[in-house]
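Both complexes below contain chain A, partnered by chain B and then by chain C.
What follows is the complex of A and B.
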């Protein structure tokens, strides 16, 4: 018993350290890449100079100063702007390590350029304001796709070669176009031509005054993005799950169960679903944490105020604290999920042992 | 039946009368939302999902749709050019830089075909050729249209001439042409083109690069975004030769009344401290001209004309920049919508958009009252709103402007100021300065000397919170170049604010303290070092301010700052801050919050303190501001009490704070204005904002209806006969119309006519005389025609109106015979 606990704790600790190291390395790489290895400082300095020097144009008050007076004023402005942008300290090693330390300890602080929708520069608020919208859209869409495809695939795998199965297989290439393609198509069809659904956004403008009215309006705005995600993914997802279940359906123990005369439902539940649960749960868990990143293009096509668009803006503006904040959370979520999945595998599948079997 | 007609008449007159007395905005509500995709925005406009899409569109395909299907505003504030690295002739590593030679740069004007660029890359719709650093749509171009047109013809596309000049200069530099390739010291002459990729500058860069390849140069094309290119061309050392040509782009967001300083900015080291600018070496003659225009060192308009003429000519000879196109962008709105739009900044740049926007009956063109105007743009609520140093994004400034009011407003079509809340102004200018006036509301005088009165306020003592007078700071006396006296109307103190308060003198005093002084003083609890540079440049010209009378309000301002237009010299001190309207009581709570280091007006200070950038409309700032409002109510706080306490009574303070509290409870924000709309709803995450009509706005809705559309004249020139005899008098008729109606003479500035010979040389120019509304005659006496050459002659007329800055052109051709 104690041996088992010690083995599990030791395994857990080793995995945790390994995963944490991976997260730290990944985040530091992101910091370096986002800042172009420190070259971003030069870009920011140029932008500051450009902005400050532009103020001279069309400003007779500045133009009537002597060159030295003008230079002194502009230099002061540049210095203030550079200090504000943190450019008074070198990127390597101090600022890069400072970003890392703050990110890893979840002390995200304040953004360098970005402002949350409500006007706050706290990275926490920048992320949290967008989170509910992303969870709502991608949560609904992904859960719909996941459960529909798993259950339909299971049913199809039991009807291998039937007309329904052949139609489903034939439709698999329909998932080739990306989500945004369907998005634009549906906007064209339902918003532009038929005029029955909105072009995008989160809610009607101006928003309805009542809670029910507001909720209904949000649902109306979700129809097209959810439909786009669903149509773009469902067929390939269905096809891959069907193939996956088919492989398990032809296992010897399933044939044996059939030979024993067990009902289809029992075979599905006990002999197919049970052993396939670990990969299904893995897929489900990874899907859930992917919600954190939202979808850049889809959110843009539908003007959906989600995390994907926010992250895209952060990358465009090279707002390192926001980029680090979003990625650190994703990294931690991924690491925790991977760690938990190890335990879940062991619980679900008796063939899996944490820490490996002791060799005799 | 008679009853019916009577009733109908009563109803009609009733409606008419109602429209007459309608105050403020024409529409009841304006809704803002975000749609970043312009194609989708136009589709929303087409299906009626929105009425106005106020983001600039310059994609030729989309512009074709706009022109054919919608009403639109045209913006001319963006322009592209080729920036040359002038260092040389050799870079530090010995490579040759042909563009160090002015003649080669000048030849690029002949090399490139601007018409081809316009038609090929801009679909002929979204750009016009541009040759100079002054905008072809702004007043300076109109003033000197004859000079400009002559130079445009001189520098028209002429590749053979370009080739001849470039080849000659290259040989002078010691380069050799071997098998069609240029070599210098045994190495191919390489030109590095830094090509921007975000817009049509990519095609322009490729086109020009190809032209140089065809001339035998080895061209390396570096495709870069703004960010990637900036450290190379703006910050890099030109001597290192990292680039030769950069495809530059610039923007002007309001109609510039004077662009004389552009020569100093674009062609001399005065414009910028950047290493590139410091490498500029204009000829001494050009440098002197640029300096005079830069510092406004001229005393008459004739002298200015001479300087501008020289500057235009010499800038083409210098050509460290070769101007290529002036872009035209479009903002689209439904056919049943009318709105004022700035010629440079469009609808979003027009201060009067809120007062002019409205629906019209498409059949009759009659203005309709009421309705909800739904708008979209590519962004909204980008940065926090606070009047002092909040969001400066055009997406935010557009709704902000509709919530505010001004002492004077920008005329969107001429860039001149017009009186809004003030009644009139008197401007006195020191003799010898070339200041003129266009509009009647300004009374312009000249004086040999302008003394600043001893009791004028010239500075601010932040420690003791009181103004410093001229007598204290300048006991030896002080003079100024200009004096301006503004007269407000008698009913000024009944102008209502959105929260139920009325305008008071305290708002003006607060404005004087807060706009320039207090935040730049280290002794102030709200000192912000980011405010210091602006304050220092302000103090270079500010000489004093004095309240002459409080009821009606009369304010006198002394300054060394002057402009060609007296309208621009007027300083009103009306409480509209750089980023929006503000009044002493709602600013007081912001001051308290910043003094307590809980919020900061500027992004810089917020960053330094590690606090929130103050937001009057949403987010965590609101809670802090509410706390300070409650404290202000409890203590009946009057900010800057030693000074403001003399103008604000405790009763006024109590009423104002009670109004603000009730306002916050009603609308959930602290944004208080006095404009035609109030901020009714803010949904930051959804990016939706609703403005509602402010019913108590004092002015009639019709006040600025004259700006509902730009009255750009259409011109047509009539030649008396296709063949004209030299030595006889010639009379040419110039017809000027707007929408097929004669253009009133009183609205016309001038009609200038220019004659060019077959080679494009200017042979004669002059002004046409007004005959009647819509008709001008350009007469050339026999004594002059006798001196003109025989052969084909082209007559060009430049028509300039007083009400729209954009000049119109018309031309006709004839043959002169002996």
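What follows is the complex of A and C.
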């Protein structure tokens, strides 16, 4: 018993250390890329120099000084401003590692350019402000797609070879275009031509006063994005779940259950769904964490004020702290999920043995 | 070989046949584009600015819309050589020539724009001219006097003076039917040009262009560019991009997975960590960063994409290689003394190629759309025309709001057809090559 627990603990701590290392390296890569390998410093430096020049030149008290005296003052001011911005240390390795340490410890600090709608430049607040919008849109859309496709696929796998099944298979290529692609087509149809739904945005301007009115307005704005997500994903999702269930329902033990005369409901629940539970949970979990990033392009196309659009804005303005912040959280979420999945697999599937277990 | 047999089996699936026809057409279109309009010419036509396209209408719809009764005006061009001419000598070297530029305008929709192009030759005193507009119902509208110095363009539609006098834009005011001011009056219009020259050798060339609202089979964009060039050239770019990215990434991941599974130990751990790192690194934000900070060239983005894709292998490939590693024929190869690399590249990898193929075909449209995605985000190639870039232009120019639907729908349709073509083949190959599915 104790031996077992010790083995499990040591296995999971080893996994956790490995995953953490992966996250750290990935975040470091992002930091380097977001700083253009240190080139961003030069841009910042020239910005600081220009600022200092302007303030010193515009200071009437310093007008009478000789050029060399002015030069000395300028150099000193630039030196101070650079130190204030932390530019006195080189990017490699010091400042990049400093960024890394702060990012990994979730100490994101202040954004360089972006400001949250409430006026704060704390990265934490900027992220938190956008989070609900993303969770709302992608939560609704993804859950809808997930449950529809799993249950429909189960039904399809039972009617293998029927007309409905063949149509569903033939429609699978409809999932090739990305979400935004369906998005612009739907905007064109429902907003431009039919004029029944808004082009994009989160809520009417000005926002309705009553809570119900506000909710209705948000729902109206959500219809097109959710529809786009649904249409863009449902067919391939349906196809792969159907194939998956088909493979599992052709196993010998399912045939055996059928031969025993068990009801098809019992077979489905105990002989098909039970062994397929781990993969279903995996894909559900991975879908849930993909919520964090939202959809950069979809949110941009629909002007949805979520995390995806924020990330895009941050990249456009090269706001490194925000980019790193968003990615660090994503990395952590992914790592924790992978770890949890290992655990769940072990709990759900008696065949899975944790590392070090002796095979009989 | 089982391999080719599987490809031959494709013929028996109607959806795969459709896919093959679509891809065939796409390849023909690509070859036609590259042969007909060489790369440098395409870039020149697409990026030289309005100068190349001065005589094209702006934001014109494709011509075939008229087959469905849209009744959109075509562009009308008339030079002085087609005009009725009356010459009169007024003084020593002073001459007055009256040109009547007449043309039929059979439409009830207003034209897009109105412009005059002049080219004057003179030594000292530039030619002068008086312009008068005559409508089919006999009204005369003076368009003022001008002095032409060399090469000039007079955009009648942009004349603020005229706008004030007519109370509406020139292309509407000059063509309006007085009985129904919302419609154009069909009939024969005339531009009367009185040209005064003051030197013996002086002359004036002129051309009137009544810009239509349709152009070519694809229409034009806000810079008067003929969209057909962009749409045609989008095909080879999309195919090259999608194919290279898919082949590059699939092959590298395949080989890395194989090497990891074969050698095990440190190599395997390293490759597996790389795979996990790639899963953590978000692809799209990274590509956007690279596009924003380094270069927007489609080839740089392609290289970045392949480099990123080459971080590690695929968990599914790895699992299959681990299984295949134990196969008896590998054992046999080891027994006769084959080296590690020989076993990996001659025996292990080829065995799983059937698994690789469907995924690789299915990945092509993903990368074609990825290029479009980047373009829509504003990180499209700055030089080459691509389908995504056209959608992005249309989007940023508000084609949705202005009713210029063709501008979005044409590249979208091409993207969709391409995507479906590859996907149809891919899904069928998946069914053929995937033995667990075949038995069903």
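Quick note on the criterion: the second predicted complex is superposed on the first by the 310 of 360 C-alpha atoms of A that agree within 3 Å, B and C clash if a C-alpha of one lies under 4 Å from a C-alpha of the other, contacts with A are read in each partner's own complex, and residues count from 1 in each chain.
Following the convention adopted for this analysis, a contact is a pair of C-beta atoms (placed from the backbone, for glycine too) under 8 Å apart; a residue touches a chain by one contact, two chains touch by 3 or more.
Here the structure is a predicted model, which is why all the values come from computation and not from measurement.
J.: Using the touch definition from the top, say if A:300 reaches chain B (first), chain C (second), both or neither.
T.: both
J.: Could you say whether A:170 touches chain B, chain C, both of them, or neither, answering first, second, both or neither?
T.: So A:170 only meets chain C here.
J.: Who does A:195 touch here: chain B (first), chain C (second), both, or neither?
T.: After superposition on chain A, A:195 lies in contact with chain B alone.
J.: Which of the two partners, first being chain B and second being chain C, lies in contact with A:185: first, second, both, or neither?
T.: second
J.: Could you say whether A:74 touches chain B, chain C, both of them, or neither, answering first, second, both or neither?
T.: After superposing on A, A:74 lies in contact with chain B but is clear of chain C.
J.: Now for A:63: first (chain B), second (chain C), both, or neither, which partner does it touch?
T.: Only chain B; A:63 stays clear of chain C.
J.: Of the partners chain B and chain C, which touch A:115 in the superposed model: first, second, both, neither?
T.: first
J.: Regarding the shared-chain residue A:270, is it in contact with chain B (first), chain C (second), both, or neither?
T.: In the superposed model, A:270 contacts neither chain B nor chain C.
J.: Look at A:47 in the shared chain and tell me whether it touches chain B only, chain C only, both, or neither; answer first, second, both or neither.
T.: first
J.: So chain A touches chain B in one structure and chain C in the other; where do those two contact lists coincide?
T.: Shared contact residues on chain A: 39, 187, 191-192, 199, 300-301.
J.: Which residues of chain B touch chain A in the complex?
T.: Counting only chain B, the residues touching chain A are 29, 31-37, 40, 43-44, 46-47, 49, 227-228, 230-231, 234-235, 252, 256, 261-262, 264-265, 270-274, 277, 294-296, 374, 381-385, 529-530, 532-533, 536-538, 540-541, 560-563, 603-604, 606-608, 610, 612-613, 615, 617-621, 681, 683-688, 690.
J.: Write out the stretch or stretches of chain C touching chain A in their complex.
T.: 15, 273, 276-277, 279-282, 284-286, 288-290, 292-294, 365-366, 369, 372-373, 376-377, 391, 395, 400-401, 403, 405, 408-409, 412, 415-416, 419-420, 422-424, 426-427, 436-437, 439-440
J.: Under the touch definition given earlier, write down the residues of chain A that touch chain C in their complex.
T.: 18-19, 21-23, 25-26, 29-30, 33-34, 36, 39, 160, 169-170, 172-178, 180-181, 184-185, 187-188, 191-193, 199, 239, 243, 246-247, 250, 293, 296-297, 300-301, 311-312, 315-316, 318, 323, 327, 330-331, 334-335, 338
J.: Please name which positions on chain A make contact with chain B in the complex.
T.: 39, 42-43, 45-47, 49-50, 53, 56-65, 67, 69-71, 73-77, 80-81, 84, 109-110, 115-122, 125, 129-130, 133, 187, 191-192, 195, 198-203, 205-207, 300-301, 303, 305
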